[in-house]
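Consider the two complexes below, in which chain A is the common component and chain B and chain C are the respective partners.
Up next is the complex of A and B:
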């Protein structure tokens, strides 16, 4: 595989990502600050991506951000829905993260055991504007 | 200390993302003859004031009482890693101009952490929130690999949104490159 294969893949994927209002309308954000990294956030990310790929879910963007403010409960990951609901999961390891992908992303059911917070975002302004 | 230098690179790279950088350059150079390992991270984020620069260099002093989220332990940890391995550390920064962090350490030093999973760190840095592009270069002896995430996007403004399939592809490409490098120079010297 080289960069040209990747570009081809990119063109295919772009269509999927643009149609993000479909069935799998989520966005995953993983906290990747110093503490998160030390707690294994990078491995969690790999597990999440692997699990998404296994389930052939290709329309969910995964991004990383700095500390989300739960340093004592890393690894932290949030799942945001198109409706603006943001569910934050904490104390994750690779196995738990796979479970979140399976049950929340694929199954549409929150994984209560790992939740530390749920927030409703004030409207999806950017999407409403378009 | 983090277990792998690639984790330090991810950590310090995240600072660049949070400083609003559009471009992060990461260059890792291993030189067997000189017995050096050099890591350079350069970004065009908002840079640091002299006060902030002084703060980030003080280990374990800044994060909790200061709500400025752009600083943390990352830089101090990388500095510590370098200095424990007969190394040197430099931080050049100017407000509004970005930052350059350069560390060099003795490659064969017994305490030198392995580089570790560089592919995972660089792949992760390719999908920070925002539109930071990553230009990565890894050299060892006569081998050199280059990866530029900017090639994947049409415009500099496109936000990083990659599918799982793409991220796996990025990691595969990076891993293939790293394996080529590892053929000529193994990550850890001591058996």
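Up next is the complex of A and C:
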């Protein structure tokens, strides 16, 4: 191994640790309450992870949260950008979730059809700055 | 494999002994049960630092900080947090003031004021996986040095950083490297002193256990800079986990051509070996350490010649402490200029302290030099438990001294600590509250030196024992005022005449307590009184008749049957001639009827007492 190989190895290994660095372009959060699970949130999450892997996107953390209260609109998933914009999608299934990954995460365009809300999080940007 | 969650389980020494392995077993078992094994990766990391909260589990990317995790909590965390996304509140920390739950490490005051350079990877990466170190830019500094720097440039960078040795004395590191570099000879060695011996200090251990590659990389850079071909890590046998992880790290580095022949195809060859020490304190002294590596008895020799000129097998040898090496990689990566701006003018960078004693948050903390003791103890350490009063902080281990309250606002630097009669040492910081007797504390540290004296030079071998004898007289109430003077004479002689640092600094705990707490010595000598009520020969136990309910608990636990019923009433009293002052009755009494006092001999009765004795 020489110095260039070492750099290559580092870039490759970095992907495994992205999750722990705390700086990501987007963060996906899936509502995983009892209702969410009943509506298929686990399958949606697996589909999201799979779609990210297929597209070789490895720096987007996928995390879960308790129920958000939209019980009739599950599965609910939000995409939060580094700038603090939070787009919430609802009534997802595996197919729709894959589409969100493809268009929003990979393509950078909001998937209007599934959106239930957009929130700016000013507090978040401040935190990122500090 | 793309995992969505990393469960970082602290596998530092404190967490392992609090059952981290069982927690991991339960985590794995439950993760299998709920079928999350393709989504969750368990990573065993090095020490997170807050050792009183062990075992610790951090869930990423949410950064939720769980403490005191028992196996059944591990199961709940998997089922609640990992499966359903609900934070498991039982294992969160609570803010001691507001009682609010604290979710992440960043929100916890213990971590907020810290600045992690040396411990930058500890608690984040898996120390047994070189890939994770490389992912955090590991070995890039070595690549930079071998690919584009000269030995002179490396040393200049260190000189610019003004890094000082973290082993205790604070010698400028750049200057030391320059000495070895300029020393004549083809054969040179690089040695790492990992013989951490101060009671209560465990920062070197945590670095080796949590981020071993950082030290290996720095030693390889050192080898290049001073022109050495081989290096040794001298680690004490009491640190088996550190030894195992360092050996594993050496093996992994060799496999990737980061150690051994022709490193990274640059033509530079260097290799490292672990030498296990038997845990003698004196082997932390450089000449004794080198003797021990050579297979001889660990005893110091007079200097000069210094190891930089004549070290291992008579060859020039660079010897630095673990924490010193742990600073090298960040300096090479970010430049000496960057490092010199952290900390203070005379002491640059950060220092790792092992907080212990009477303090709420114990563990490892890394703070920029120049922070005051008050900030470290109260803001990071969370203050003294039980509303007790601060009395002194002991720094520098058995070679250091006690710092009283009036110096709490002194910035922590090499020179300022020396000025107030203590020293940085390797970074042990033991906090004492009003219940500590300073004579007893001095005796404790001296006892350590008596045990650890190698016996080569009489001032240390005989002198420390004589000082200990005199201190014992104080604690037994047999000392007189002139004993203070005797002590002072002895300390001066031992400081001047001992061969090595162990003997030369052994009087420091006595000198600093004599300086700051002289009245306690006087109280022991003249009044036969221990103000902190610690020295058992000088305290008395009694039972308050008003408070005693006659339950008899004290009488039952008394090992010498000194507590009996008073005549026909249902009360108990302590027979003083029989009492051994063990304190069992005090601990057991539920109505606080047992009191401990140290009355001594009042001044007006002293003449009479003297005549009698």
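We take it that the second predicted complex is superposed on the first by the 99 of 130 C-alpha atoms of A that agree within 3 Å, B and C clash if a C-alpha of one lies under 4 Å from a C-alpha of the other, contacts with A are read in each partner's own complex, and residues count from 1 in each chain.
Here, contacts are C-beta pairs under 8 Å (C-beta built on N, C-alpha and C of every residue); 3 or more make two chains touch, one makes a residue touch a chain.
Remember, it's a predicted structure, so these values are computed and weren't measured experimentally.
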Practice item. Based on the superposed arrangement, let me know which partner A:49 touches: chain B (first), chain C (second), both, or neither? Key: both
Review point. A:102 contacts which: chain B (first), chain C (second), both, neither?
Key: neither
Review point. Which partner does A:66 reach: the first (chain B), the second (chain C), both, or neither?
Key: both
Practice item. Scan A:58 for contacts with chain B and chain C and give back first, second, both or neither. Key: both
Check your understanding: Can A:10 be said to touch chain B (first), chain C (second), both, or neither?
Key -> both
Check your understanding: Which holds for A:38: it touches chain B only (first), chain C only (second), both, or neither?
Key -> first
Exercise for review: Starting from the residues of chain A touching chain B, keep only those that also touch chain C in the other complex, and list them.
Suggested key: 1-3, 6-7, 9-10, 13, 16-17, 32-34, 37, 45, 49, 52-53, 58, 61-66
**Study point:** Sites on chain A touched by chain C in the complex
**Key:** 1-3, 6-7, 9-10, 13-17, 19-20, 22, 24, 27, 30-34, 37, 45, 49, 52-53, 58, 61-66
Revision key, fill the gap. In the complex, chain C touches chain A at residues 2-6, 8, 39, 60-63, 83-86, 124-125, 131-132, 134-140, 143, 146-147, 256-258, 264-266
**Study point:** Residue ranges of chain A touching chain B (in the complex, touch as defined)
**Key:** 1-3, 5-7, 9-10, 13, 16-17, 29, 32-34, 37-38, 42-43, 45-46, 49-50, 52-53, 57-67
**Study point:** Residues of chain B that touch chain A when the two form their complex
**Key:** 2, 7, 10-11, 14, 17-18, 69, 72-74, 77, 117, 120-121, 124-125, 127-129, 147-148, 151-152, 160-173, 176
